[in-house]
Amino acid sequence: FTRSDLDYIFDVAHEMREMVARVGSFDLLKGKILASLFYEPSTRTSSSFTSAMERLGGSVIPISEVRYSSVSKGESLPDTVRTLECYADVIVLRHPEIGSAALAAKYARKPIINAGDGVGEHPTQALLDLLTIVEELQQIDGLTITMLGDLKYGRTVHSLARLLSLYNVKINYVSPEILRMPAEIIAELDEKGIPQAQFNGLEATLPNTDVLYVTRVQKERFEDQAVYESVKGAFVISPETLKAAKDYMIVMHPLPRVGEITMEVDDDPRAAYFRQMEYGLYVRMALLAMVLGKA
Amino acid sequence: FTRSDLDYIFDVAHEMREMVARVGSFDLLKGKILASLFYEPSTRTSSSFTSAMERLGGSVIPISEVRYSSVSKGESLPDTVRTLECYADVIVLRHPEIGSAALAAKYARKPIINAGDGVGEHPTQALLDLLTIVEELQQIDGLTITMLGDLKYGRTVHSLARLLSLYNVKINYVSPEILRMPAEIIAELDEKGIPQAQFNGLEATLPNTDVLYVTRVQKERFEDQAVYESVKGAFVISPETLKAAKDYMIVMHPLPRVGEITMEVDDDPRAAYFRQMEYGLYVRMALLAMVLGKA
Amino acid sequence: FTRSDLDYIFDVAHEMREMVARVGSFDLLKGKILASLFYEPSTRTSSSFTSAMERLGGSVIPISEVRYSSVSKGESLPDTVRTLECYADVIVLRHPEIGSAALAAKYARKPIINAGDGVGEHPTQALLDLLTIVEELQQIDGLTITMLGDLKYGRTVHSLARLLSLYNVKINYVSPEILRMPAEIIAELDEKGIPQAQFNGLEATLPNTDVLYVTRVQKERFEDQAVYESVKGAFVISPETLKAAKDYMIVMHPLPRVGEITMEVDDDPRAAYFRQMEYGLYVRMALLAMVLGKA
């Protein structure tokens, strides 16, 4: 991705947003069929793609029980994909193994959209995260982004950090010691001249933060539960927390959340995480239209 | 619900019936998307809503594997609903816990239709039962309704009895001793002046019955299997049984049936239980059109 | 089926192929609803029917978790079908028990399409196999068809052999001793005057073969693994194998394959097995249009 690739996607996604606001659905992809091939369940992502295709007037072949099905009877992914492309115009693939999307794309004649492959990329998530910032705060350059929580295992923050490195931003990492952002990502962003800083708590960074990206700190990551108990409070966002934040900033979260942002925050206009889901729809509409040559 | 609410629903449902008979499907809800969120499987209900939405020209996001999916990864129902309403225009919810639909509706900005929540209400079933009576017998006032079988645990007969209390009807309850209609429901209808009577067998009541509503007497409800064996015959409807019934009456059943109405009855014009399924379609079409502001 | 039945289906399927090539999808079945009722999973077949219905502008009610669902709560197949036909215009049925499709059709008012019932027929597979030959080689009369692999348990080769007996063809059977084509099928074709011959290997027959139909030889079929090891090489198709074949011939396979045709063969223009999947789409489009009175 270059910045101009991203700009183009965000422009199309913004148009999609306006069309949905104006007419709900329209017939840009009427007659087109999406095969939604999920080797592992992800209701959020598959629902979002289904909605995107339907709002564009297209149809969906949902394939979500792959484990039990004859398709999986030892059949290779390339064969499954070459079968499905007989029936569909585009395939969205979610697969537990890293590199699956690239493998599928190598053999397919029709476009493959990667909806996550194992610990590999989950590109539509990173795109919707970035679109959220653009739509909510108008631009990315000049912003201070603070990532909070589990920065070690959280795939979304890794992808987001990489994409952000295309822009002129500052990034703060706030996490427990044992869940720090991986050194290789920090090095990668260093090389691109992105100012980065690490913290154990939000206090110092929140007042300057434009985007607070929250992820969950899972109990299971801690060998010593006493350590978990001692740190967990620092990674929960409540209305109290937000008193120290700017008025014009946003709180993001990839969802699902389980307590790391209290429900009282939901009514705060800065709580952008449900709007973030909606931007996911527009990004997926944009991608579908683009790969099918309609944008 | 008031009688005039019901009248309105039944009028719209009747129109839906006529439109389906005339054109099959039409584009009243073209471009609208229904998220069909089933936390427990119910093929009959979900198929009926899917068909209703499709016959109105709309689309469906089917979400039926909630247990295995990331949506359920500890996510609260309000969060799931607020995510889905980013993708859909209306949500149909089936959930095992009582009160779920009300909880979901409290947090949602988009309409929620309750397709059953545990031992709570299953309002579309009661509506389709009532519509069946209206469509088959023209009116409800003046009728004698006889409910047969398991009246203690059968959720459908409870809801139906309550709705019937808005009308000028007589209700007979025919059940084994241990599966009587609950006292609080009888008291509730008593207060509204509905004449009710209890019986152990059909003989005395069938000749005066306009609507015979059959439910299954499950073996598992009986501690003493000898008691079950001694009563079960009294709760099976056969062509022989119907000889004592009026010519102009209907036999209803919420389905599935497992022997409590013999297959020989199916060819009798009074057997209304499959038509009842069809009325379910019209009720659901009416509800979808109404909540989306199109009726 | 008579030859003229088949000719008609193939003509309609050919038209479908041309329409899909020209416009992708069209509105022949707009407003029509297909209930896709799969009592056992078969992603390939259900996806193909879903695509067929969607390319014709119709909608689908997918019902694939029948085991867990209330429909299966002891409900009989006729009752399930009579419920679904309240919601749909046509039902595609896949069921593990032989005779299910006939049973369903007996009780249904709407058309039932058999998508396989146990060891019974799987008629759409046989039709798509035959269509593949017609579309790829222009005609069936005069051809030599060689069936390779497991001819004893392979349902597809049995159905195909029976349909081929309507034409003026030669059939060769190449299989391990223990996986021969059943004697009753050979007798059936003998009576119709079809020349048939059995072989242990491809060498003698491949140079004269117009259609090579490959099926998998499963290890599990062999009690003595040494026998399996000694024969398996003879039933794998590689580019080397095809050197002895005609230039103008096709290799077919019902898929999924697991090694019995090497991936290197895929780029050979004679490899017709993925195109075969595509013909499956056209056959199913043709059948749907025909049973709904639109072809």
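The letters A, B and C name the chains in turn, as written, and every chain counts its residues from 1.
Everything that follows uses one rule, which is that a residue touches a chain if its C-beta (ideal position, glycine included) is under 8 Å from a C-beta of that chain, and two chains touch if they have at least 3 such contacts.
This structure is a prediction, so every number in the text was calculated from the model and none was measured.
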{"item": "Mutual neighbours - chains that touch chain B and chain C alike", "value": "A"}
{"item": "Interface sides of chain A and chain C: same vs different residues, half threshold", "value": "different"}
{"item": "Length of the line joining the C-alpha centres of chain A and chain C, rounded to whole Å", "value": "41"}
{"item": "Two or more partner chains touched - positions in chain A", "value": "62, 65"}
{"item": "Residues on chain B engaged by chain A in the complex (per definition of touch)", "value": "30-33, 35, 59, 61-63, 65-66, 68-76, 78-80, 82-84, 86-89"}
{"item": "Interface residues, chain A side, partner chain B - complex", "value": "23-26, 41-44, 47-48, 50-51, 54-55, 57, 62, 64-65, 255-258, 263, 274, 277-278, 280-281"}
